[in-house]
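What follows is a single structure, written as structure tokens, with notes after it.
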Amino acid sequence: MKYLVLIIFFISFNIQATTITVCKTCEIKTINEAVSLSKDGDSILVKKGIYKEQSIIIINKSIHLIGEDNAIIDGEFKETIIKVTANNFSIEGLTFMNVGQSYTKDFAAILVSKSKHFILKNNIVKKAFFGFLIEKSHHGEIINNKISSNAVNETSSGNGIHLWHCSHMKIQNNIVSNLRDGIYFEFVKNSTISNNISKNNIRYGLHFMFSNNNVYFKNEFKNNGAGVAVMFSKFIIMHDNVFHYNWGMASYGLLLKEIYDAQIENNTFEQNTIGINVENCSRVDYNKNKFIRNGWALKFSGGCYKNIFELNSFMYNAFDLSYNSKLNSNRFEKNYWSDYTGYDLNKDGIGDVPYRPVKLFSYIVNRTPEALVLLRSLFVDIINFSEKVSPVFTPDNLIDSKPLMKMIHD
Amino acid sequence: MIEFKKLHKKFGKLIVLDGLDLHIAKGGIFAVLGPNGSGKTTLIKSLLGMVIPNKGDIFFNGKSVLKKWDYRNDLNYLPQIANFPPNLTVIELINMVKNLRPKKANEKELIELFGLQGFLQKKLGTLSGGTKQKVNLVLTFMFDSELIILDEPTTGLDPIALIHLKDLIQKEKDKGKTILITTHIMSVVDELADEIVFLLDGKIYFKGSIDALKKQTNNTNLERAIANLISKQYA
Amino acid sequence: MLKILKYSFFDLMRSRWSYVYFVFYLALGFVLLFLNNDLNKAVITLMNIIIVLTPLIGTIFGVMYYYNSKEFTELLLAQPIKRKNIFMGQYVGIALSLTLSLVLGLGLPFVLYGLFRSTAIFDFILLLVAGSFLNFIFVALSYNIALSTDNKIKGFGYAILMWLFLAVIYDGIFLISLLMFNEYPLDKFSLIATMFNPIDLSRILILLKLDISALLGYTGAVFRNFFGTSFGMVVSMFILALWVILPVFRMNAKLKKKDF
């Protein structure tokens, strides 16, 4: 009986699939109408034009909503524009604008909940509140979308791509800008985020919590209010991302908080106030990352164990490392430090004198931030030098015992 | 021509000029004499505007010179120590000083007179003290001014140059110019000076001709007459 | 004044020390660029050198020139020229020739290296502007010291002491007071303390470009508002100009009463 239903289902799907066209002069003039007429497997083709609609609801229909060029849905700042609970659907090529804004409800351009196997592709969202809000859904792909807004403060703005309780998602080639958080993950597993650009967001470019076993690569995070925050997650892999120009009072390229068993490789951190801010993280491997001209390349704030830094390049940062606890079982080895002044007599590429990444001045600035105005002053150089010769305040064993003489090239 | 009126000058607690009054008429050679620290140089420098008096006034041709600068175009001054920018050449220096004063100069004659032709392209830093003094003299005498002030003009000069200098001074005097000289060399005073101004403790102690001085001190020798003046004071 | 300036300038441009200074910067520029191959790093290293060395050289040249040309100055004083013009001419002559050594000495290797095609050009120009300001400031300060001290040895001593104070000791006192008054809000204090030292001020001015990300991480709001905007740049430049103008004013006031 069960099989029979399934067979009938597939037959009907194959035979009856049709295309419904929506346009201003067509028989069907609104998307809402088209959706209510559609059946599983149907495609809805939205022709060029501005459609002032919201609360388009798709429930349990596997349909394909396709926008032709310049098909615009104007939400008139009222509501969520499309709400979907269905499997095997896709939405592509549409432009959404003027999503409803609210302090109490999370209005979005597209809200997907309890769905599987869907694709959101080639859409543009302008003046978003939330862009795409995905909850309790699995096996979705979000590809090639552009989401932007004009967020001013955190309370009156939403996130670009917001995922909650999802798994096996693929987020690729999107551009998200001027929102609260560019990309937001909470309780998301086994997903990949790649080749996205997240910039000019007022809080985080990427923000994720309680999201294990995810891979992030080749993304660019630029000029976000507070950079990227990664918290309370395990088994994360981040590689080949670029974090740059995240400037501000409490701003960092990457904030790591309670992260365990992660790999951070080949990323570039350039001109951030803090390259990576690490709190309570253990068993994280940092490999071949580049830290260029940051205020602080690395800021360690205690509770960190068994982290390994190898083959990273630290170049022209105001401070390479700020460290306010014991070394614990963290290890710095074979990194390149542009401030290193040692020599290599046996020409094996490894400096013969260990490098001390923590300067006395960095220790002073930790205690008295105002002292930062004396950065690069001759007096500071003198006290740094005397501390280097005979360490009193900085941890004695915090050294890179095998500093590289040359920077690592890819 | 020059009138010093109640001139006071203190350097710290040291009183150098103490209500000095002096009138110097036009024409003739005046030797300003006095023991070390009597205020000779201060007097001359006040006239030049290099030292600023605490009280009193100085008139040059009837006009006050204090806080003025253009009157200096009508006087030539030979400073005591000749020290010039070491990297300029002699001719550059001469041209520079010419450039600074809107006046005709006859430096060529003087260069010949002191035999400086061979030194014109040399840097001042490489010259000997005597040669520098010759350059100094050229700079002073090349302009035609009614007042010439010479501070120790004979320093470092060889005998021939000295004779040239004396001739030069005499010639200027004959043109009716006023010449002020300070020197320690009494033979020069004896030979050239028409009148002696003797300073002591910031005041004019004696002013008159050499003969008057000799008469007053009952000495036929000028050097002794001067010594007599000083010793009387300290006796 | 222009005539005096011209002669002081030519005199200095021909002195051995100007050459040494010029060649030093030239060599420094080439070594930094061709051994390092990185314009940005070269600019940072240069900053460390410029904010310490230009004040020192300016100070030494200033007092040295004053005392060495004392007799010549006296000769000039007897010429029909205003006092003010003589000293202003000398002052500008020294400061200008030092600035020329700096700008040409560093500029040449950087231009040869391809500065104009680099993004570091603005950092570099700022560096030269700050260095030039420091030249003018420290020559003026040292001239003030020399004018007030007739004893050559003492004058040299005071001038070096002034440099040492502004380059090192000032920052030491500054840092210690920051640490001691840790519990109080200190950002206004540190902003003002920076203004009172031209070396600190030019350092901040350059940091504004080079390490701006670090400075913005600074927690004080006053500081952030100041440095986050171009307002900070304008004010810093203005104060640097004041650092030139005030000593020059004092120099002229001193000259009016000075005996030679």
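Letters A, B and C mark the chains in the order given here, with residues in each chain numbered from 1 onward.
Criterion: a contact is a pair of C-beta atoms (placed from the backbone, for glycine too) under 8 Å apart; a residue touches a chain by one contact, two chains touch by 3 or more.
Being a predicted model, the structure only gives us computed values, none of them experimental.
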| item | value |
| --- | --- |
| Those chains which touch chain C and also touch chain B | none |
| Chain nearest the overall Cα centroid | C |
| Inter-chain centre distance, chain B versus chain C - centres from mean C-alpha coordinates, in Å | 41 |
| Geometric centre distance via CA averages, chain C-chain A, whole Å | 46 |
| Geometric centre distance via CA averages, chain B-chain A, whole Å | 87 |
| List of chain C residues in touch with chain B within their complex | 3-4, 7-8, 10-12, 14-15, 68-72, 74-83, 256-260 |
| In the complex, chain B residues that touch chain C | 11, 45, 48-52, 69-73, 75, 77, 79, 81-88, 92, 96-97, 99-102, 136, 139, 149 |
| Contact set on chain A toward chain C in their complex | 245, 247-251, 271-274, 293-296, 315-319, 338, 364, 367-382 |
| Contact set on chain C toward chain A in their complex | 40-41, 44, 47-48, 51-52, 167-169, 171-172, 174-175, 178-179, 182, 186-187, 189-191, 193-194, 199-200, 203-204, 207, 210-220, 223-224 |
